[in-house]
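These notes open a run of structures that come right after.
Next, two complexes with chain A in common: one pairs it with chain B, the other with chain C.
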Partner chain A sequence: MSPATAPVRTHGDLLLSVRDLHVTFPGHTRKEIGTRAVVGVDFDVHAGEILALVGESGCGKSATALAVMGLHGPDVKITGSVEFDGVPMVGRPERELNRLRGKQLSMIFQDPLTALNPVITVEKQLVEVLMRHEDLGRKEARDRSVDLLRQVGIPDPQKRIKDYPHQLSGGMRQRVMIAIAMACNPHLLIADEPTTALDTTIQAEILDLILELATERAMALLLITHDLGVVAQTAHRVAVMYAGRIVEQAGRYEIFDQPRHRYTRGLLKSTPTLVGEARDRLDTIPGSAFDAEPWDQGCAFAPRCDFAIPACQASQLDLVPVGAGGEHLLRCANPAEGAEQ
Partner chain B sequence: MSAIAQAPGPAGQTGQPKQPAKATGAQRSAGTTVRVIRQLLRQPAAVFGLAIVLIVILVAIFAPLLTPYEPSSIEWGNQITPKSVPGPSAEHLLGLDSFGSDLMTQIVYGARQTIVVGVVSTGIGVSVGALLGLIAGGIGGWVDTAIMRLMDIMLSIPALLLAVSIVSLMGRSPMAVMVAIGVSQVPIFTRLLRGSLLGERRRDYVLAARSLGLRRPGIVTMEMMPNAAGPLIVQATLMLATAVNSVAALSFLGLSTSEPTAAEWGLMLVKAQSRLVSSPLLAFAPGCAIAITALGFTLLGEALREQLDPKSRPR
Partner chain C sequence: MIRFATKRLLQAVPVLLGLVVLVFIWVRLLPGDPARALLGESATPAQVERLRAAYGFDRPILEQFWMYLQRLGRGDFGTSLTTGESVLDGFLRRFPATIELAVAAMIFAVVLGIPIGYFAARHRGSLLDGAAVGGSLFGFVVPVFFLAYILKFIFALKLGWFPTAGRQDPRINATHYSGFYIVDGILTGEWDAAWDAVRHLALPAVALGAIPLAMIVRITRASVLDVISEDYVRTAKAKGLTRRIISRRHVLRNALLPVATIIGLQTGALLAGAVLTETVFAINGVGSYMFNAIGSMDYPVLQACILFVALIYTVINLLTDMSYGLIDPRARLS
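Here is the complex of A and B:
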């Protein structure tokens, strides 16, 4: 499309680097500290790579994503650094962020019904983005829109482009959302629970579509999900978040075959599976993740952890490499051994 | 979209297939409007209101065809006595007024003045109000505060008093009346649109639009405005009813014209005052005209509100 405007990026170059990211939502009163959604997150995404950010609801996945996009409101306090393509995103003026968003990095939201504007046609929503970022006339933008709809697998795009979002099925809507997000070939695509709001039957289709398009265009993908099934199919690397921090990070196979963090293990055990012996009940992790001041007294997961030892409470827990290669990172005082599970 | 849409239509609409045939692109883009109108036509109150409004508008447009006389003509002045005015006759369906003009003609031409002044003033109210609301809700911050405090001040003055002061500043003229009524409506529309824009701000599509790098003014006008405008349309229709009353009130107070024989419903009420006992028809006719017109707009507005505002939609 427009390779001339962007530097050619080789596979594996550092694209997004997040360091010590904190996101704090304001409290109800001025004295109240507020909710600490993200409490020091570090991760990298390289060009063409798929990183999955996994965790249960409220663990700070979406808050992290919004911070990367610079989409938090002015009352949300963000510290730490987010560098996209070598340029800092935190504290960057809105005007400059707007030039990047939708063009260099863009985002797919969970529920396409609410994320698409209900009173504007698909055509207008696509054309708007294309005309904003690409040097296109209305007619060219329209043609490109039809093309994009075809690429995301919408049948009869000439006709559907005139539709309003409510006239499309859930799967079609998410396809439109994907078309809009990918309209300008961003280098990084953030997909925030892209299949959660969809019918089980079409989840796989949509996921495949995102993967296919991302691979085809050498896009990096930050996939946010609580669905380990999704992760298993897609990610190159997986980062598991708990209470606003990454507790374990490793390659896809490593995470599934040799999880070291007790929380990761719990997550994997509580995922239904069709292979292996049938169990009456899924394993659950006792307790809930609610904690007003996570990580102030050691590991935030310790209260729910069967393997908690005194060291969990006392020590300053860092995300450190374990095993060979230094690719597997862990934040745990009493990790599981690699082999047993 | 709702149970109402699926409800079988009145008997007159049978013969149509229940599901409308696949709409073409052009039809589909007007889908919401068509749906709203179709549902409106199923409500007796809405049809009644719409009928009244249409009749008044038609009367206003075709006034010269409906009556052979001139509205301000006083050629029958010699038939007026201090004690009585001639009542209905074949020549004058509603009789004559106290100046010797044909009452019917005055009512018919009065519709013109009422509709024109009402529509123009509400137009001023909506457009200025919406613009201010858009600025306040779209920009926020101190601009928002400044505009909204100004609106609070305007709202704290009774609308009629505000209108009267504006007319007395501008001098008596129909134009002054339009501006006066329009200005007194501005704060209502400003608050309405601002509130509705603030509600839109938190919706996901706004976040999604920002994530695509669309600029804020564009998001406010192109994305949020169409979502927020529904209540504005409803309120405008309802305000037309208020405007009809205000037009009458201002001309009753003698603020719209210095011409005693002008065809204005409010003015006719004033002239009827002195003969209220002997010739009640003189007051009754314009009074009914005002009430019926206002009723028509109110019924239509309420029905529109029910269609466009999901919260008040029955069931």
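Here is the complex of A and C:
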């Protein structure tokens, strides 16, 4: 780790440290190289901190999260280091990971319908995680489960706990997922697009619930989203990913007020706002992220960037601090200056 | 659950009634004259006529059908044209042998098939997986009667590990109540009799269970492969559950739905296979009863046997549907 990439401590102790993480999915044939989903990602999460990992579909956000949890299949190649609470996670045997997962770090997924087992009751799905990690009998675990359901705002939890996932609404299902993830008071919660699959009307409720519970329990949150509106409400720090790499990372206000990377600016411009002048159309970023080549040299965004200069293609670009304080990190050869127009 | 079962049972009634009609028509469409078949080539036309009149074959077909329905209503399936014995009695005497055989074959297929399919999926691409997939192909392509002969030749005739035919050694002189020899042996405490019945049943059950075994291995394997990539299995891993709990609670149970369907369908199909297996191993069951009835154009026996097979199919379908409800709560409520 170069001193330049060392993030500034904003919260409690360092909880999660990811360095030079690479995730490569296998190719269809043995000779094919495969898809490089994550190409050298570094970030830290401190105790009690909320870090948002932002980017469009396919930029490697979820692949990063699954690598942190150790949930990739055996044929997915993972290199680099992931340290959770000082304990290396990459290459750790499943049995040891199983002791941490669900207890010290847990995860909420995008679609609560498919993420819950359709053939067993909510009760069983909650009780099993409590009985696995906490020294509880079945009855105590059940009482705790009812409590948890109450805490995540499920009305009549005594009754609902007997339901199967299909008997609950989408929002309720995600509340159950949250209850499961929070059951053992983890230090880190990873939420992978937790509101994307839900109705717009309940997205805010669910997000508020996650934030409330995380704050209440001083839990760190790694929030993965493509929704900048979500980020604006929640994150302490924001890391913007493009084509498998972090291109810009800064405090929430920095990112929204003074984005330096052209891609971050593009993302912000393409987000509808309710304040300011009404625009006929949203701005778009020309081209598609699917065209992006891995970052062996230069900037993967350069082909889509209006401000690309020869240096963008030529050199190895590192994530380096810009401005005062060293908290704003940027990977760009021709960054934007000043506030967003 | 009870309401669901009752509803399904009521739905089965018109199906069975339709079958009674179809079976009656089919049997009479078969080529050949039963009276002639009974009396042999040398019978005179007058003799044939007399026999036809005695059995009612000379009446109009509708009248025959009406008489047949009335008799069915009284539980009278007629008498066998070849033996003169009541079809119902003949049938009931043979029925336990076939059920015992079918159940044993299915137990063999399920008890082996589900674990093999499961482990093949869990160790996809391994030697075990290859053996399971290859072996199940073998199960599909080898005809039942051929497999039955091979098994009998190797394990009964050459190696002498199992008896060659029948259901029980007559020298044992076992007590029989239900006609299910294994059950009888256990109930009466005649363990040697029960064990002897098991040994007699082993080869026929393996022969008959080969196809269902192959199907169950294939379907379980495919289904487990589907389920292990499901999101809820990933959730289970994210909860830190042990591999054992994940396998049992989250993978296997979900994977068993399509397997239950196959078990149901195959159990019905077993009855067809039983005809051949019973013939090879000289088991006096419904299969060989049916086989002989076809050869001698024994209409009443044929009709009863076909109705029996249809009834079994209907009951098994009902049980399969009910098993969905047990495995998948979504099927229960809709």
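Convention: the second predicted complex is superposed on the first by the 325 of 341 C-alpha atoms of A that agree within 3 Å, B and C clash if a C-alpha of one lies under 4 Å from a C-alpha of the other, contacts with A are read in each partner's own complex, and residues count from 1 in each chain.
Basically, contacts are C-beta pairs under 8 Å (C-beta built on N, C-alpha and C of every residue); 3 or more make two chains touch, one makes a residue touch a chain.
This one's a predicted model, so the numbers in the text were calculated from it and none came from an experiment.
**Q** Overlaying the two complexes on chain A, which is it for chain B and chain C: clash or fit?
**A** Chain B/chain C on chain A - steric clash.
**Q** Taking the superposition as given, does A:Lys159 touch the first partner, chain B, the second, chain C, both, or neither?
**A** In the superposition, A:Lys159 touches chain B alone.
**Q** Is A:Arg265 in contact with chain B, with chain C, with both, or with neither (first, second, both, neither)?
**A** So A:Arg265 meets neither chain B nor chain C here.
**Q** Please work out whether A:Ile180 is in contact with chain B alone, chain C alone, both, or neither, and reply first, second, both or neither.
**A** A:Ile180 sits against chain B and chain C alike.
**Q** I'd like to know which partner A:Arg144 touches here: chain B for first, chain C for second, both or neither.
**A** A:Arg144 sits against neither chain B nor chain C.
**Q** Taking the contacts chain A makes with chain B in one complex and with chain C in the other, which residues are shared?
**A** In chain A, positions 69, 71, 94, 97-103, 106-107, 109, 111, 114-120, 128-129, 132-133, 164, 166-167, 177, 180 sit in both the chain B and chain C interfaces.
**Q** Touching chain C in the complex: which residues of chain A?
**A** Spelled out, the residues of chain A in touch with chain C are 69, 71, 94, 97-103, 106-107, 109, 111, 114-120, 124, 128-129, 132-133, 164, 166-167, 177, 180.
**Q** Which of the residues in chain B end up touching chain A in this complex?
**A** 1, 25, 28-29, 31-32, 203-205, 207-216, 218, 222-223, 226-227
**Q** Note which residues of chain A are touching chain B in the complex, please.
**A** Against chain B, the touching part of chain A is residues 69, 71, 94, 97-103, 106-107, 109, 111, 114-121, 128-129, 132-133, 159, 162-164, 166-167, 177, 180-181.
**Q** In the complex of these two chains, what residues of chain C are touching chain A?
**A** Against chain A, chain C makes touches at 230-232, 234-243, 245, 249-250, 253-254, 327-330, 333.
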